[in-house]
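Here's the structure we're looking at; comments come further down.
Letters are used for the chains, namely A, B and C, taken in the order the chains are written, and counting of residues starts over at 1 for each.
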Amino acid sequence: MNSQRIHAVDITSRNLKANARLSLKDQQLRHNMRSAMDSLISKRIISMPDEDERENLRELGNKVRASALSQLPDLLERLEANLTQQGIQVHWASTTAEANEIVLKIAQARNAKQVIKGKSMVSEEMAMNEYLTEHGIEALESDMGEYIIQLDNEKPTHIIMPAIHKNAEQVGRLFEHRLAIPYTDDVDSLIQSARSILREKFFHADIGISGVNFAVAETGTLLLVENEGNGRMSTTVPPVHIAVTGIEKVVANLQDTVPLLSLLTRSALGQGITTYVNMISAPRQPGELDGPEEVHLVLLDNGRSQAFADSELRQTLNCIRCGACMNHCPVYTRIGGQAYGTVYPGPIGKIISPHLLGLENTPDHPSASSLCGACGEVCPVKIPIPALLRRLREENVKPPQQPGQVMDGQGSRYSSKERLLWKGWQYFNSLPWLYKTGTFMATRFGGLTPKNLGPWTQNHSAPKPATRSLHELAKQHLEKKS
Amino acid sequence: MSNQFYNAAPQETRVAPPRKPARTYPANKPAQVYLFGTCVVDLFFPEAGMDAIYLLEREGIAVDFPQGQSCCGQPAYTSGYTDQAREVARSQLKLFANDWPVVVTSGSCAGMFREHYPDLFKDEPEMLAQVQNLAARTYELAEFLLHVCKVQLADHGAPLQVALHTSCSARREMNTHLHARALLGQLAQVERVEHDHESECCGFGGTFSVRMPDISGAMVADKTQSLLASGAQQVVSADCGCLLNINGAFEKQNNPLLGQHLASFLWQRTHVEQEPSL
Amino acid sequence: MSARNKILADLRSSLLGTTPIADPFDSSLVDEPWRYSIAERVTRLKELMTAVHSEVLLTNNSEWPELLSDLLAARQVNKLLIAPATAHGKAFSAYSQATQKPLQLLAYDRPIEEWKRELFDDVPASFTGTLAGIAATGTLVVQPSPDEPRLMSLVPPLHIALLNASQIYDNLYQAQQHWPKPMPSNLLLISGPSKTADIEQVLAYGAHGPKDLIVLIVEDA
């Protein structure tokens, strides 16, 4: 039955509000998301029981990232120089189109037909799979979660656990339907089936693609974190390895990866460390018997330099992609990642996507938050996510195309009517006589409140003002006393 | 929050502020305080504001209620209308000129004074000094009763199970959940019961509840359901924004369970004489 | 302008007039919470690695070859990939030869391209050394080399690693202080057999790499 399930969300749409409306009705999704997020929340805190240790480390993580950003161009040049000297070829791309062309050129030079991919959110930004497929190259995901969603023609719902919105039954049906594997909901057998299929793919792949968790400028090292071993397979078995990453992923020194790694794996999965930490500093050396002959690094900007240009928004780039903000987000938990219609969902997605796509393409993203603050509280590198959401709302309601514009698509929710309303609100609340007249009217004629107040009465009964305001009651009481 | 970065040079990369040390409280009760009632209490829960006044007066504290007060500015601020929020904040600042503590009957509005006003006035040095002075003497009601008044509450009510909902900004900016729990803990006949996902947002979020009614509605549906499932006979909260949301949803669901402001709950449980007529 | 120059110029102009934040690294925060006595290092590493489905056995310099041989026999493993040129490889070949065990020893002695199929399909187990261990996280530090190439610890379903107790460090920071400089072409931290929780967060071992990991800790080395 589930293999016939129609996806609640049209993943090609970026209309968060409409997507959310649909996914909220998907009870299976709601259930799967809630139980998964609850489990991730408790694993995280179990792995960080000592508040001082945790908070001190978060502060250090923040400073390490901020320090790296404060010298980002220098570090990128240093990284490039060291990697180049060690035999890794470095490429730069301003846009995803440029990044795709770079990958395609490398592939064509090797006459590559099959590409196997470790998990990479940047390659999702690039829509690399679609691009390579269009150019006659098979691009196959090898991370178990990515593999599952690729089979189902979906997009990742979570940056760490791409298929977390599906349960074992749904995966079993999918494998039955797409891979002709007899139905089972036994997770071990499902994983073993995928393992044997993907082993053959690793075997034959011409190119392996990966992301990068941290790029170390000091040593020219690409550090990759994973549990499955598909990252190691992708970066070791094929003769060519292409790593794609955002320009912000660089850190100054090797020792900086110590706090960041500990923060990353514990915040993401509640693990003290992942099964594999793979540090790559060179292609296969003379005398070595395996490893790729060619290693490439593609550094992608794609809107990051826009966020970088403003010191407040720059903090967005502290992100180490752990996903803790989404795990703890009451909105994300309810609507799932696909409803955001962007590569990065959840709170971090809401503050980074407007830079990658422009506010005009993500007009609802900054508003889809109650600003509850759970994300900011758990962020391992202390990105003030609620404050940045608020800042984006400010950019979103500014008049468009004003000088000094800091973001593409500024003012995508500008409305002169709404601005006028808030101006009225301002006068109402700054002029005591007006405020008192208004509250007097509301208390005396509150009974006349219409039953239907649009969006509010969708979930609530109409609010009934009290018959006397606190201003009146307090005045009466305090005058009586004196 | 961004406000804590106000002293960064324009393009200097920002570093998160260090963890705040635990707040220290004055050793003695002040003779006089200001009450900031908040706009939601003013119009929808005035009895909560009055009960706050009674609780403070019972502690021997004279309460001043500046009649010029309206709103802390939060709705505009969180909606991105920073200039409008700033002008409202400016009008409120004038009302608390004496160096008395400002007691606020809502954690998120107290948090607005303490955490966000400095951000609003980061470019106005003179105002900033005034704002920092206000921030230092702003208290959420439960915090003030517990740590400044050091109240000892004698419970006169019947045995009762209550569930406590704390607003997110009150929790994160003002520790209101801890203060409210401690106060409820003083009531001998009151048992506080936990509810599922207690620390999770109720879905209010100011204008979020009308901009994103579907998501907000799903959140408040879960919140009301878990409050019901807790078996509590009464819901208590120190924040009327959440109460507006939770009670409105309860009413829409035709559910008899309704939330009450902590001030009213405490006053009703501990007041022995005749109820003051409102 | 090339993408490179454009990106760097954009970033530089955004930083105009600012000073970089001084190196904030503070080793005490990553070192001090994770310190152990020498005895604790072994027990902690064992405990943590066992918790993630690894088998950790304590042994000594004279007995480990026999232990390894017994382990393989018990699992009915008849082929083992070793590095004959390493000290531990030599020691085990010598033991194997002397005891006439029915175990076929294979060497990774040619480029992967020449025997990829065999490595993928026909090598049930591998035996490698380790550079170090990390007590705080239950981790092996493995440095692939021409003797012990990268895939040795990845492709065979069973990986057996030899770890000297004296080379177990308290934490990652401590271990890093002893890493080779410059960094080798590949350096690995391994903390158990490969695993995934991508379906419903149910843990399954043997995702893409080894299904089993056995660690032999040589206590007197």
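In the analysis below, contacts are C-beta pairs under 8 Å (C-beta built on N, C-alpha and C of every residue); 3 or more make two chains touch, one makes a residue touch a chain.
Fair warning: this is a prediction, and the values are worked out from it, not measured in the lab.
Comparing the centres of all chains, each the average of its CA atoms, the largest separation from chain B belongs to C. Between A-C and B-C, more C-beta contact pairs are found at A-C.
If you average the Cα atoms of chain A and of chain C, the two centres end up 31 Å apart.
One inter-chain figure worth recording: chain B and chain C are separated by 53 Å, centre to centre, where each centre is the mean of the chain's CA atoms. Residues of chain A found to touch two or more other chains are 63, 66-67, 70, 314. Touching of two or more other chains is recorded for residues 14-15, 18-19, 21 of chain C. Residue positions of chain B touching 2 or more other chains: 9, 11-13, 15.
Across the complex, chain A meets chain B through its residues 17, 20-21, 24, 55, 59, 62-63, 66-67, 69-70, 311-312, 314-315, 330-331, 334-335, 364, 366-374, 376-377, 382, 384, 386-388, 390-397, 419, 422-423, 425-426, 428-432, 435-436, 439, 442-443, 454-461, 463-466, 468-475, 477-478. Touching chain A in their complex are the following residues of chain B: 1-3, 5, 8-16, 18-19, 35, 37, 39, 41-47, 49-50, 53, 63-65, 67-71, 73, 75-82, 84, 87-88, 90-91, 168-169, 172-173, 200-201, 203-206, 208-222, 244-245, 248-249, 251-252, 278.
Residue ranges of chain C in contact with chain B, taken from their complex: 14-19, 21. Residues of chain B that touch chain C in their complex: 9, 11-13, 15. Residues 32, 36, 39-40, 50, 53, 56-57, 60, 63-64, 66-67, 70-74, 76-77, 86, 92-94, 98, 142-145, 148, 161-164, 166-168, 171, 187-188, 190-192, 195, 198-199, 202-203, 219-221, 227-230, 232-233, 236-237, 247, 252-256, 258-259, 261-262, 269, 272-285, 287-291, 299, 301, 305, 308-309, 314 of chain A touch chain C in their complex.
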